[in-house]
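After this come two complexes, each holding chain A, first together with chain B and then together with chain C.
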Partner chain A sequence: MGNRKATLLVLPATVISFFVVVGGLLAALMQSLGLLPFAGPPTLNSSAYLTVAPDLPSAVALSFGIAAASTLIAVIFGFVTAMLVMRGRFGGRLIAMVSTWSIPFPHLVGAASMGLLLGDAGFLARIFGTDSWPELVGGPAWIAVIAAYSWKESAFVALVVTGVLLTRATAYDETAALLGAGRLRRLRHVLVPLSLPALGVSATIVFVYVFGSYEVAWLLGRPYPEPLPVMALRLFSSASLSSRPEAAALAVVTTIVALGAAGLAALALRRVPLWQ
Partner chain B sequence: MAVILPAPAESRKEATRNGLFASRRLGRWGRWLLVLAMTVWFLAPLLPLALWFFAERWSFPGILPQEWGTGAVQEALAQGAVPAFGRSLGVALAVMAVATPMGLLAARAFAFHRPHGAGFLSALVFAPLALPPFAAAFGLNVLFLRLHLPPMFGIVLVLAVYALPYTTFTLRVAYGAYECGFEDEARMLGASRWRVLSRVHLPLLAPALMRAAFLAFLVGWSDYVVTLLVGGGTLVTVPLLVASAAAGTGNDAMLSVLSVTAVLPPLVLLLGAAIHTRRRLGVRS
Partner chain C sequence: MSATLVIEDLITTFPGTVRPALAGISLEVRAGSCTAVLGPSGSGKSTLLRSVAGLEVPDAGRVVLGGTDLAPIRPEQRGISLVSQRPLLFPHLNVLDNVAFAARVRGVPRREARRDAADFLDVVQLGDLGNRRATELSGGQQQRVALARALAARPGLLLLDEPFSALDPGLRTSMHDLLAEVRRQLSPTLLLVTHDRDEAVAVAERVALLGNGCLLQHAAVQEIYTRPVSLEVNRLMGGLNEVPGTVRGGRHESELGSLALPEDAAGASGPGTLIFRQESIMVSGVDGPGIPAIVSAVKPQGARRILTVQVGGQLLHAEAPWALPVAQGTPVRLQIPRSALWVLPEEPTATTTGSTPNATGDAIDQLVTDHV
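And now, the complex of A and B:
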C-alpha cells in the first residue's frame, strides 16, 4: 500500500523526465543512425559518424580543456569565497553579498558582460591602453570563455560549500581552535576535509554543464576549432539535409562523454570519507 | 588558563566576537587582500554593463562615456523587449508551476516511502544534470514536430524536466529535517487531511518551497538553447534578444539594456526572499 502511494507520488516527475531524457536521447540516436530522415526511407547507416570523425578529436579535446579549466578556477575561487564567508565579520558579509550577484545572471548575459569587459574595445582595453591588448575574446586561449564560466560557477561552488560548512563545520572548527590548532592546521584538518564532498559534487556539476553548454563558447570563442556543442548547433541549423544526422551524432558523442564524466565522478566520490 | 567551552548552540558570530578566531597581523592583511580580490572578481563584469546602460555615446579610447543618456532604452523597446519580457515571464512561471509541485511529490516519496525501483527513478529525475540540453533538444525537436505539439508546450516541458533535479533535491533535503510528529499531532487533534496540508505541512516547508520555486523560475528564465532549438526561433524570449544583440556589433548600449532586463526579475525575487527571511527571523528573535 505504502509502495503504491509512493509510486503515485513520483509518477508525474518520472513520466515527464522519462519522456524528455529517454525519448530525446533515443530520437537523437535514431536520427544520427539515419532512422529518422526528413525525406526518403529510413536506412540504418553510420555515415554521419564517419563524416564527423575527422573533426572529433580536436572538438572533444577543446571542450574538455575549456570545461576542465573553468571547473578548476571555479572550484579554487569558490572555495576561497566560502572560506572568507565562513570567517564572518564585515569582509565575509561583503563577499557573501557580492558573490550572490552573479547567481541571477543567465549564462548568456554573463558572457555578454564578459565581452563588454574583456573585448578588444572593452572596458579593460580602454583603461589599460589600446596597442598591446591581448586577444581575450575570440583568441587562441579561449580566455573570455573560461572567465565567463568560472565567474558564474565560482559563485555556485561557493554557495554549495558555504551551505555545507555553515551547518556542519562550525562546531568542529571551534573545537579545533580551542584545542590550539592554528589557522593552517584548521584549514587542512577541518575545513578542507569537510568541504571535499561538496566540492566534488559541485565540480562535477560544473564540469558536465560547461562541457555540454553552447552559448558562452559561441559568443566569446573563435570560429575554428569549434567545441562540440558549437559544432553541433552549427550543423543542426545549416541548410543541407545531410547535416542533421551529423549534428545528432555530435549530440550523442557529447552525451556519452558527459555521462561518462558524471559516472566517474560518482565512483570517485564514493571513496571520499565523510560522504553521507 | 581557564577555558570556557562554548555551548554547542552558540553561534559562530559569538566565537568571532570573543576572539577565538582572532588573527595575527599578517593573516589579517592577507585576508583583506583576498576579500578585495574576490570583490573585484565578482563585481568587475557588472561595471561596463552599468556604464553602457547610461551611455549615449562612448567611442573607443574613452574610459567613460562621452555623452550620457537613456536612448538605448528606446532602442531596446523598438526591438520588442516588452513582448519578449512577457514571453520569458510566461515560460519561467510555467516551468515553476510544473516543476515545483512535481518536485515536492517526488521528494516526499523519496524521503518517506520506498517506491519500487527507487534507484532507477531517482537516476531518471537527476539525469538532466548530466545530459547536455542541446542533445535532448535535438531529438525532441523531431518528436514534437511529428506530434504537432505547440512550441510553448514543448519548451516548458523540457525546461521543467531540467528544473526537476533542483526542486526535488531542495525539497528532499527539507524533508530530511522535517518532523512528521507535527502532522500526526494535528491529525490526532481532529484536523482534516486538507487542513493538515495547508496549516502544517506547507508552512513547515515554506522556506524550501520558496527556494525550489526560485530555482525552477531561474531555469525557465535563463534558458537560451532549449527555447531556440525546440521553439525553432518562433518564441522570442529575452535571452534570444540578448543573443542577437551580442552577436552583432555596435549596439553595446542596447545589449546592456537587454542584459539588465534579463537580470532584473530573478534579482528582485532574490532580494525579496532575503528581506522576507530577515523579517521573519527578526520577528522571532
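And now, the complex of A and C:
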C-alpha cells in the first residue's frame, strides 16, 4: 500500500479527531479567557485563572501524585503480567484472559466495584473485621483511587507489552540463555530493554489519561483537596454560570500539564537505544 | 573451548503428536571436529540441536558434553552457544556490546568485556564496526557478529542452525571460509544443521544424515556420498543411479554387464543394487571406451548438464560438461571407475534400511534404525 493511499485511508479519522480535540481545546481556551461569555460582550481577561490560582498548586500536585503512583503500579503489574503470559508460566493463557478481562469494564463500574471491595463497609472489611479497617476509600492516601486506576490500566500495559514481546522475545530470551545469562540477567539485560519503548509509550498514555480523568477520583476520593479534573467537573456542573470559565481554565491547565508530561516522555524515549 | 559431544538414544516428542521428532538418535562429535546434520525439512535437524542445547526437553536419552551428562543442567549453564538462521543481535546494544554480552552477564567489568569482545570481532574481520548499531549492518555482517558473540561465550560446543541459508551464494562461500579460519584459530566443536549438501561438504568433515527423526548414517563426507548404507541415504545425498542385479564372485551382473567391484564392496553373493554417483561417470563420444549408451534426455544443471542415458533397458544419469556435444538420441560411451561402485543388498521395504553386510565396521560406524 502506497503512502498516499494510507494517508487517504486515515484522513477521515484524523479530521474528526482533529476537529474534536483542537475544537474543544480552542473553545476551552476562549471560554477561560472570557471570549465566549454566556451574556454580555466578549472581553479578553484572566480573571478565571486568577480565581482558581490559589487552589492550583495543591490540585496539580494531587493529580500528579495520583497519576504517577497509578502509572508506576500499572507498569510494574502490567510488565510482570506480560512476562507471565509470554513465558506461559502459571497458566499464561489464564492470566492473559483474567488480566484483559478488566479492559471492557467502564472506569465508573471499576471504581464502584473497588469501592464495594475496599470501603470501610465493603467486602474485604466484612471478612477481616471493620474495627481496624484502614481508610482506603476517601482516605488521605487516595489508595482506592490509585488501586482502581492501577488495576484497570495494568491490563492495558500488559496488552501493549505482550503484543510487542510475544513475536520476538522468546528468540532473544533463548539466545541470551545460550550465552550464559540466567533468568534475572535475561530480565535485566534483554527483556526490560526490549520492553522499554512499549513500557514508555503505554506509561505515558496511562499517566496522561489518569491525570485528566475524573470519574474514579470523584467517586472514591475525599472532598478536599480536589484533583484538577474533579475540581473542573464541579465548577462546570455548578449552578453559577460564572464558574464555567474557571472550569475551562482548569481544563486548559490540565491539558498543558498533560502535554508537558507527554513531551518529556517523548524526550526520554528518544534516549532509549531501541527507540532510536 | 572444545569438548566431545555424545548423544545417546535421544527421543523427543512434541505435545499432541504421535510420531517422535527424534526417534532414538545416537551420535558422537569429537572435540574440535565439525559434524553437519543433513536432512530434508521436518527430519528433526533443528529439534536435535534444540534438544542438545536444552531448549527442548527430550523424553529419553542422554546428552553428554565433555563427560558431563547435561540432563539436569539449565541451557545457560551448559556451555553451549547457538547461531541460528536469524542473527538475533540484541537491537538495544551496539555491535561491540552484543559480542561482550556473554562476558557481561558473567559479571566481567564492562571495559574488560569490551576488550575481549574486540578480539573476537577481529576474528570475524569486523574489528572496525564495534560502535555501529546492530541494525546498521548487512545480513552477512550481522551473521559474522552473531558468530563472534557465540564464540566469545567460549562454548564447549557451538551449534549452528542453518546460519548461512539466508545469505546469497557469494556471501555464503565467504562465510564458509570464515568458519574454516575460526576453526583453525579456535578449534571449537561444531554441530552444523543444514539442508544444503554442498555446505555440509564445504564446512564439515563428517555428515549425520537424518530422515523422519532417525539417524540414517553418520560418516565421513566422502563415505556418505560413495558408501551409503541404504538406498534412502543414496537418494537423500543426491545419488541418481541404482542398478538391480546380482553379486557373484566379486562382480555385479546386471543390464550393464559384469562389473568388477572394489574390495570393500564385494561382499556376500546374492541380489544387490549397484549404485554409483552420476559425477563419477565419464561420458565420451561413440568412439571412446566404455559401455555403449544412448542419450535420452539432457537437463542443464549450473555449469554442467545431467544426461539421462539408456543402457539396454536400464536408465542411468551422468554429469557431462557443456563442451560435450550431446543431444537426445546421441550415442555415447560410459566409463564407470571401479572405485566408484558400491552394492547395497536388497531391502525388505522401501522405508526400512539396515546395516550393509558388505560395508566394513570401520567404514560405516553408524547403524541404521528402523523408521517409526
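Basically, the second predicted complex is superposed on the first by the 262 of 276 C-alpha atoms of A that agree within 3 Å, B and C clash if a C-alpha of one lies under 4 Å from a C-alpha of the other, contacts with A are read in each partner's own complex, and residues count from 1 in each chain.
One rule holds in what follows: a residue touches a chain if its C-beta (ideal position, glycine included) is under 8 Å from a C-beta of that chain, and two chains touch if they have at least 3 such contacts.
Since we're looking at a predicted model, the values are computed, not measured.
**Student:** Taking the superposition as given, does A:Ala268 touch the first partner, chain B, the second, chain C, both, or neither?
**Tutor:** Neither partner.
**Student:** What is the contact status of A:Ala53 with respect to chain B (first) and chain C (second): first, second, both, or neither?
**Tutor:** Neither partner.
**Student:** Going by the contact rule set out at the top, does A:Ala141 touch chain B (first), chain C (second), both, or neither?
**Tutor:** The answer is neither, since A:Ala141 touches no partner chain.
**Student:** Thinking of the overlay built on chain A, is A:Ala27 touched by chain B (first), by chain C (second), by both, or by neither?
**Tutor:** First partner only, chain B.
**Student:** Return the chain, chain B or chain C, that is in touch with more residues of chain A.
**Tutor:** B
**Student:** Kindly classify A:Arg185 by the partners it touches after superposition: chain B alone (first), chain C alone (second), both, or neither?
**Tutor:** Only chain C; A:Arg185 stays clear of chain B.
**Student:** Looking at the overlay, does A:Ala61 come into contact with chain B only (first), chain C only (second), both, or neither?
**Tutor:** Neither chain B nor chain C is touched by A:Ala61.
**Student:** Report for A:Leu233: first if it touches chain B alone, second if chain C alone, otherwise both or neither.
**Tutor:** Touch partner of A:Leu233: chain B, not chain C.
**Student:** I'd like to know which partner A:Ala176 touches here: chain B for first, chain C for second, both or neither.
**Tutor:** It touches chain C, and chain B stays clear.
**Student:** Figure out whether A:Ala13 sits in contact with chain B (first) or chain C (second), or with both, or with neither.
**Tutor:** first
**Student:** Show me the chain A residues, by the header's touch rule, that chain B contacts in one structure and chain C contacts in the other.
**Tutor:** 171, 174, 177-178
**Student:** Applying the document's contact rule, which stretches of chain C touch chain A when the two form their complex?
**Tutor:** 53, 55, 74-78, 80-82, 84, 86, 88, 90-93, 101-102, 104-106, 133, 149-150, 153
**Student:** For chain A, which residues are in contact with chain C within the complex?
**Tutor:** 171-172, 174-182, 185, 189-190, 193-194, 196, 272-274, 276
**Student:** Considering the complex alone, what residue numbers of chain A touch chain B?
**Tutor:** 2-3, 5-7, 9-10, 12-14, 16-31, 36, 77, 80-81, 84, 86-89, 91, 94-95, 98-117, 121-123, 126-127, 130, 151, 154-155, 166, 170-171, 174, 177-178, 183, 205, 208-209, 211-215, 219, 229, 232-233, 236, 247-248, 251-252, 254-255, 258-259, 261-262
**Student:** Would you pull the chain B residues touching chain A in the complex into a rising list?
**Tutor:** Contact set of chain B toward chain A: 3, 5-6, 8, 12-13, 15-16, 20-21, 23, 27, 31-32, 34-35, 38-39, 41-49, 51-52, 60-63, 98, 102-103, 105-106, 108-110, 112-116, 121, 124-125, 127-140, 142-143, 157-158, 160-161, 164, 168, 218, 221-225, 229, 239, 242-243, 245-247, 252, 255-256, 259, 262-263, 266-267, 269-270.
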